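Just below sit the structures, each encoded as structure tokens.
Paired with chain B in one complex and with chain C in the other, chain A is shared by the two complexes that follow.
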Partner chain A sequence: MMTRRRGGISDQAAGALLLAALIIFVLGPLVCVMVWAFADVWRPPAFLPAEWGFKYWGLVLARADVRQALPVSLTISAIVTLLSAVVCLPAAYAFARLEFPGKRWLLLSFIAVNAFPRFPLYVSIAVFFLSSGLIGTYTAVVLVQLVFTLLFMIWIPAAAFRGVDPRMEEAARDVGASHLTVLLRITLPQAAPAIGAALLLTFVNTFYDVDGALLVGVPDVRTLPIIMLSLITGQIIVQYGAVLSVMLWVPSLVLLLFARRLFESRSFAAGFGA
Partner chain B sequence: MVASIGEISAPAGRRRAARQNGGALGLALVAPAFGLMILLILLPACRSLLGTIFPDGAALPSLKSYQTFFADTRSVSNLLFTIQVTVVTLAILLTIGLTLALYLRFSQSRFVGAIQIIALFPLFVPGIVISFALIRFIGPTGLVATTLHVLGISGYQTPYLHPSGAIIGLVWENIPLTIMLLTAGLAQISNSSIEAARDVGAGWFRILSQIILPQLTRSIVVAASLNFLGIFGSFTVPYILGPAAPQMMSIFMQNTFSERHDSGVAETQAAVTFLVCLLVGVIYTACVFRDTARNGKAG
Partner chain C sequence: MTTLTLQNVTRKFGEAYAVNRLDLDVADGEFICLLGPSGCGKSTALRMIAGFETPDEGDILIAGASMLDVPPNRRATSMVFQSHALWSHMTVGGNIAFGLKLRRLPRSVVAEKVASALMLVGLSGLEKRYPAQLSGGQQQRVALARSLVLEPKILLLDEPFSSLDAHLRIRLRDELKAIQRRLGLTTIFVTHDQEEAMSLADRIVVMNRGAVEQVAAPGMIYERPATVFAAGFIGTMTILPARLEDGQLTAGAFKIPFSRQYSANEWTFALRPEDCELTAPSEYGTSPGVVDHVADLGSTRIATVMMEDAVAIKAQISRRQTIAKGDRVGLRVNRLLVYRDGRSPVETTFAAQAETQTPDKIIQRDVTA
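And then the complex of A and B:
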């Protein structure tokens, strides 16, 4: 990478063109929302807002539905992340470090989770919950969101566990450290960054989930994205949706800063079978 | 004990450790995750499929619920619409994804880093946020419309609430996954094979069609199948950006389940979707598994 030779003119031109198109298509919509969130008065087709400010931030934060939904969303996301870690991290360790009968078939069955279309599966789960009286409960929302955290929480930590040099574990074991000591003092600390990224990813994905929460939570459990959905489809005041978008997006940006390198590595794509 | 390929290729130290542990610990550690998967994925999906064949606890199997589904013009048009949207989105995604991935792999320009960052950026933007953002971008009073207005160009037809609106949103959302899968595949193609072809005078098109694409087939199949399943089972983006009729199957199901409270019919709609996706799901799983078995590693 360091010794990369600069390409020719056509190479540079193609790159500039692709980059410009990507910036317009990927960042354009997000810039729009940023501007709307700080527009006190804006009457399209005017190109820019007439007045800027934080007026709508106050109004959004004062809304009762937003105030009720925020703790609900945070609590559910935290519980899902915790449960997911408890259930998946041991499995990740086992897939990375242990040999056991049927390992290949168990691996296959986890990969096959990707092969289910998501929303129809939620519908199946919702019908199942309906017959068990779980619709509209926190339990239902937590369980439905747990489904799609399974993969992230297994693949990313498993890749990290595999990355820990087995010779270091062997060495510790040779000087008399127990399995548990090796795990706690050698393996876990080295895998910690990737595990942290997986936890963050699970938390953020759960926080933003609309599909599962809408199907099994409404009307009794209303998360923040559900409130946002009603504000968007209601279309009364554009700024409400814009302010909530920017507010909701903050955890995502944290994720971006922490985990960018992870997503550029092969281990993330490997979770999808790359 | 079943010897897996991973064990054969594992270093001696790991093999010894594995023998010491035996299989019981490994199985015990995997069991909770596996149990949860059976309970939350396999059980509901099988229950739905069985429930549509044995309606209301009937003893004899019947395809009546499927006959009702396919006799209803609205159901059929929604199913066909979903297939159309999925195929068109997939074609656009693969075109964009291949262009970008090839550029990222072979370009030596200064823009490679920036292109990669921006192409992966949608990974960090939730579906609900980008759906709203796209309304403000391509909607009737969005940035595209006002820019054209300022430039004095009239006649802008907004894709918002049209099939193209849903397609634009789904393309936006799925660019990162497509690029990640294709770049991972391209990374495995050696420079030397390409240089060798160039040395014997092969042009870019020949190198692409006879050296790169054949080696990339597996990645393209994985990217295509995974995107097919993702788009077919998507809800938020087409719900916000797409038309009210015809609907994508997910929105149709949500309507049936939450608004018309007809869980039996919703289950049939879900089952039909499962069956359409079954072939693609099997292709994906087989493709990934073959490789997993060969390398003896997870994914």
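And then the complex of A and C:
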């Protein structure tokens, strides 16, 4: 660690410069998208838009494909999140509390899915779906996305379950609670912040997914990010893309606010430390 | 009448015995301390009584009924954990009320019982707080209230005060004892702190390596530890390995006559500091030694005296005695215990001005060095 000296102006200046660069690098694109979303007229050499307003918001929201895609996206994300929770939470509990052969390898296998490039995986799944007639159905999109939620929905809750003090559960048994009551009233509430984070991560990831939905869902299932992709690639009206990306940004923002609370909670850190 | 009986209770972890053939009868309202070093099996024994561990052999009976098939949530026991194990997502009131609500008591009754339990442990008015907002001592009081509110037949405590500082520990200890007396609760208290066990227990169970070394009242254990282990664990004691040669027991240059016909492979002397006196050097009936150091414990002082052949003996000295490191002194031993193969102590007194002689005691005028 460098000790801070009085009058180390060059150090401070360098620090400030680094910070500024970081802010521009991280926030720059976000600000740029924001500005575009509310720019009714903007001719790029100009530093700022000539006219501000909600013109493109109106145009985007009036589009039939956007109006159809929004509920499609929300439904798929909700179904995937729900299914993932139903499948993964019991599995996470098992990983945290039970010993069974091959446990470590099974846990690692969930990383493997996320470690390989996704596109070849999608393509091979798409070929399989094509032969089984699933291509272009909701089922196909849900299944593809479900695979990629396993990592979050098992690892994070498993760490949280492990972090719950077994003495707390014993204390509940001791005062008269059944195994089920202990799970519902002690273990789940103790792990709740991490489970909440996993649910949100799953929802947001599914909501943003483009490639999976594109390869197995199109043309019949069109999610919001796919519409955005076609709007950006089809006609160069930057505002369409900008408005959609600001809309899509909302779930992330919720996640971010939630995560801040979560990381400050002790049980979460204890969960990963265990 | 709530009695607890452990019959031949054994618990193995792999090949190692955590608890080996534990027999114990606890009377109604009795306060028992399980005392021993960490890993001696005292916590495992407690967890078997609570139902969190199942004995491999033996039986546990509460009021005469076997508990082996009764899960912890239906046993008439309640446990206070070392780590307090309060549910951090519930308020203090919620923690205490949890067990009552499971019993489907009416809300007014629950509220009343919670309030009186909090009053009992001196925490009235803290119902709405969360455990994280309390001090360590308050948290442990809440844990105690959570157990007491259910009016258990048997209260189990697993080193409940060991994470608290010394003053608080003594205060909570006194409060616990007062509550236990008032409610007449049968109590099993696990601790590694011999002072805590001495001050709380009606009877102490000294455990070592899964087995019971001695079960007796605190004074009895102090007076006549049944084994060398118990002697070394309770209070301060000088333990010396000895040999029996020509009717004399010898530890270094320290000898006592021993004419009885006992056979043993190992002989051990155990001496309490208060049974050793320091005098001027070469006084009649003393052995010579040099004071190695003096530990001042406030109410008393303990001098460690080096005898010949590097035998170190601890002797209690009064505050008036002017004895310092390096002084040449005489050591007079008034009483010691002789163990044969680590057990069966023979009490041996050396009364310099002996008035009474009982056939059970060897009375010897001097300790020759």
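Here is the rule we go by: the second predicted complex is superposed on the first by the 236 of 274 C-alpha atoms of A that agree within 3 Å, B and C clash if a C-alpha of one lies under 4 Å from a C-alpha of the other, contacts with A are read in each partner's own complex, and residues count from 1 in each chain.
Here is the rule we go by: contacts are C-beta pairs under 8 Å (C-beta built on N, C-alpha and C of every residue); 3 or more make two chains touch, one makes a residue touch a chain.
Since the structure is predicted, the reported quantities are computational estimates derived from the model, not experimental observations.
Engineer: After superposition on the shared chain, which partner residues are touched by A:Glu99: those of chain B (first), chain C (second), both, or neither?
Structural biologist: In the superposed model, A:Glu99 contacts chain B only, not chain C.
Engineer: Can A:Thr181 be said to touch chain B (first), chain C (second), both, or neither?
Structural biologist: Only chain C is touched by A:Thr181; chain B is not.
Engineer: Answer with first, second, both or neither: which of chain B and chain C does A:Pro90 touch in the superposed model?
Structural biologist: first
Engineer: Which chain, chain B or chain C, ends up touching more residues of chain A in the combined arrangement?
Structural biologist: Chain A has more residues touched by B than by the other partner.
Engineer: So in the superposed three-chain picture, is A:Leu253 touching just chain B, just chain C, both, or none of them (first/second/both/neither)?
Structural biologist: first
Engineer: Contacts for A:Phe128 in the overlay, against chain B (first) and chain C (second): which applies, first, second, both or neither?
Structural biologist: So A:Phe128 only meets chain B here.
Engineer: For A:Glu170, is the partner it touches chain B (first), chain C (second), both, or none of the two (neither)?
Structural biologist: Touch partners of A:Glu170: chain B and chain C.
Engineer: Between chain B and chain C, whom does A:Leu82 touch in the aligned arrangement: first, second, both, or neither?
Structural biologist: Once the two structures are laid over each other on A, A:Leu82 reaches no partner at all.
Engineer: I'd like to know which partner A:Ala50 touches here: chain B for first, chain C for second, both or neither.
Structural biologist: It touches nothing on chain B or chain C.
Engineer: Give me the intersection of chain A's contacts with chain B and its contacts with chain C, in residue numbers.
Structural biologist: The answer is residues 167, 170, 173 of chain A.
Engineer: What residues of chain A sit close enough to touch chain C in their complex?
Structural biologist: Going through chain A, the ones touching chain C are 165, 167-168, 170-178, 181, 185-186, 189-190, 192, 267.
Engineer: Quick check on the complex: what are the chain A residues that touch chain B?
Structural biologist: For chain A paired with chain B, touching residues are 4-7, 11-12, 14-16, 18-19, 22-23, 25-33, 36, 44-47, 86-88, 90-91, 93-104, 106-121, 123-128, 130, 143-144, 146-147, 150, 154-155, 158-159, 162, 166-167, 169-170, 173, 204, 208, 210-211, 214-215, 218, 225, 228-229, 232-233, 238, 241-242, 245, 248-249, 252-253, 255-256, 260, 263-264, 266, 268-274.
Engineer: Spell out the residues on chain C that touch chain A in their complex, using ranges where they run on.
Structural biologist: Listed in rising order, the residues of chain C that touch chain A are 50-52, 71-74, 77-79, 81, 83, 85-89, 98-99, 102-103, 143, 146-147, 150.
Engineer: Spell out the part of chain B that touches chain A in their complex, as residue ranges.
Structural biologist: On the chain B side, the touching residues are 1-2, 4-7, 10-11, 13-15, 17-18, 21-27, 29-30, 32-34, 36-37, 40-41, 43-45, 47-48, 51, 99-100, 103, 107-112, 114-138, 141-143, 145-147, 149-150, 172, 175-177, 180-181, 183-185, 187, 219, 222, 225-226, 229-230, 232-236, 240, 249-250, 253-254, 257-258, 263, 266-267, 269-270, 273-274, 277, 280-282, 284-285, 287-289, 291-293, 297-299.
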